[in-house]
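Two complexes come next, and they have one chain in common, subunit A, joined by subunit B in the first and subunit C in the second.
On to the complex of A and B.
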């Protein structure tokens, strides 16, 4: 029987952690783009668009990410699209992130004083220009800290992609456990690696937040 | 190519789904009560507890908040038996959910406690209440009222997270959906049905907890 050293376990987990990072970045950036489009739709005066985006957010925030992953996995296949665990995980996590990000940013946009909108209008700026030059720059300042904080949630969310067979940190941990019969050691290492990825982001989000509050007072 | 959806073959398995809903709600109810109590205890330790215990609680909170729930669950279910602690899937699920909710609610409750006006505590002290009495009767109720919406959201997040517990064969709603699709191969329909049920559960839970908060936990809003 092959003996596995701790280094064997850790090095394999580190290799798998790459995919956790890559999937997180795809979901975060993709979710950011979709979320931005949704945010614009939600800030338009159209009631219908506002309602539709609010419903979208409610749908993704009110259902388990695991179900969303399963639906993407089996749903895309039903549409005749060749699905790998890669594409379905990327699609599901992107949509999931977009719903949360658009909700976070919507709160930030709403906190911009109404007078700013009116002032922009009175300068005859178009709707897009009002957003681009007046509202978004002010909202972005408040939005940075919670957005960075949400990245932690995305990283943790990618762990569920293991369930549909995407080999990232969690799945690698399960596979290595099956080979080594050392669940305690392996899952401790997996947890530690997640912590090493997430904790610095959490700390950074917190420092951004306190800097913002310091400026205000 | 046309897509045929067959919901009837999923819905005909309603006893399984019902059992799954019961498990999901049961797990959520137990872990909500215990998790929030754990959170309150941790918040108390972090604000008033002995100095040596504060870093320990802080470490617990950070460790849980920065690792995925599924890893916490696997660690308890697969990892702990190596130390001689063998737990069934249901107990593992409850413990993982309580530990998870405890860490998140500790931070939420702490924020509520810190917003207590100092005059209220001074008033309680001048009435000769002990520190513990002051905490339970003067600090905690308004703190809970302040943070109730955040706490309700967190409980719902934990309920949705409990879908993962099906992976260690706890027979909750997502497990039921998986079982049904393994019997009739209607995977997409089974997960659509489960997702819709989850959506309904989360909306109903939010409404129920908001109602319950006013009546049981901190009393009706005055004025």
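On to the complex of A and C.
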């Protein structure tokens, strides 16, 4: 029987942790772009668009991420679209992140005083200009900290992608456990690695928060 | 100028506006000549601010017609609204300067975007207007570094940068400490003297009397009484206006 050293375990986990980071970044950036588009749609005066986006957000907030991953993995296959675990995980996490980011950012936009919109309107700015130059810069300042904080949720959410066979940190942990029969040791290392990824992000979010509250620009 | 039948700056006919079941404007008829200075007075809730906000489309109205420089107001048409709002500037009770932009950029923003002035042109305009409201040295300051009176003067400069022909002033001194009211009113008075068409909702009766050509007393969503300031203040005709004026002392 092969003996595994702790370094064997950790080095293999580290290799898998790359994919956790990559998947998180894809989900976060993709979710950010989709979320921004949804935010604009939600901010327009069109009732229909507002309702549609609100429905989208409710759908993703009201169902477990695990189900979303299953649906992306098996559902896309049913539609005849050939999907790898990679694509379905990326798609599901992107949609999930977009829903939450839209909701977070929408709250920030709403916290910008109504008078700001009115002043921009009465200066003849178009709707897009009102958003771009007056409302979003003010909302963004409020949004930075909760947005970075949400990144932590995304990182932890990627663990669920293991159930559809995507080999990231958690899945690698399970595979190594099956080979080593040392679940407590392996999962402790897995948890530690998650913590090492997430903790600096949380710290960064907190420092951003205090900095943006103290400074003007 | 001869009194040729020129296009009025603002023509309002039968304007009605409700917030839910509550009808705030109940059929306003009002014509404003170019260059006229109008003070709108009345109790709170009489519809003064709502009327003002209808003129630049911040509020939509249900019935009636509103023309600015002969052009009817069409909410559904963004291009028409954009054209209208370049004609009509507005100054708010709460200043509404953009807190994330310096004073200079507050003033330059709209001319750069809407009138597509070059940076040098809008810079020149902003500095000239700031000097005019007595704040030339505040170009690089941020709104939260200014007093209320200074912020309101910046807001006036910002509105003027779009070179509007009509200026709407919505209780622009109500949020100011008493000692800061004068500096803002002085700017408004100079605009009036230069022939700007001004509509102001105000509680400063002395100022209204001194500066305006016509005073409009609004009561329960209607123009209840109007006239030259000296007549209206000295010889109010209706019991409502008499009561309103006596309640001020």
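We take it that the second predicted complex is superposed on the first by the 211 of 217 C-alpha atoms of A that agree within 3 Å, B and C clash if a C-alpha of one lies under 4 Å from a C-alpha of the other, contacts with A are read in each partner's own complex, and residues count from 1 in each chain.
Note that contacts are C-beta pairs under 8 Å (C-beta built on N, C-alpha and C of every residue); 3 or more make two chains touch, one makes a residue touch a chain.
This structure is a prediction, so every number in the text was calculated from the model and none was measured.
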item	value
Touching partner for A:90 - first (subunit B), second (subunit C), both, neither	neither
Which of subunit B and subunit C A:184 touches, first, second, both or neither	first
Touched partner set for A:108, first subunit B, second subunit C, both or neither	neither
First, second, both or neither for A:145, with subunit B first and subunit C second	neither
Partner chain(s) touched by A:133 [first = subunit B, second = subunit C, both, neither]	second
Greater subunit A contact set [subunit C / subunit B]	B
Which superposed partner A:121 touches (first subunit B, second subunit C, both, neither)	second
Partner chain(s) touched by A:23 [first = subunit B, second = subunit C, both, neither]	neither
Which superposed partner A:57 touches (first subunit B, second subunit C, both, neither)	neither
Contact residues common to both interfaces of subunit A (with subunit B and with subunit C)	none
Sites on subunit B touched by subunit A in the complex	1, 3, 62-63, 65-72, 74-75, 78-83, 156, 160-164, 167, 174, 177, 187-188, 191-192, 194-195, 198-199, 202-203
Contact footprint of subunit B on subunit A as seen in their complex	58-59, 62-68, 70-71, 74-75, 78-80, 152, 155-157, 159-160, 162-163, 170, 173-174, 177, 182-184, 186-188, 190-191, 194-195, 198-199, 202
Subunit A residues within the subunit C interface of the complex	113, 115-116, 118-127, 129, 133-134, 137-138, 141, 216-217
For the subunit C and subunit A complex, residues of the former touching the latter	56-58, 78, 81-83, 85-86, 88-90, 92, 94, 96-100, 109-110, 113-114, 142, 144, 155, 158-159, 162
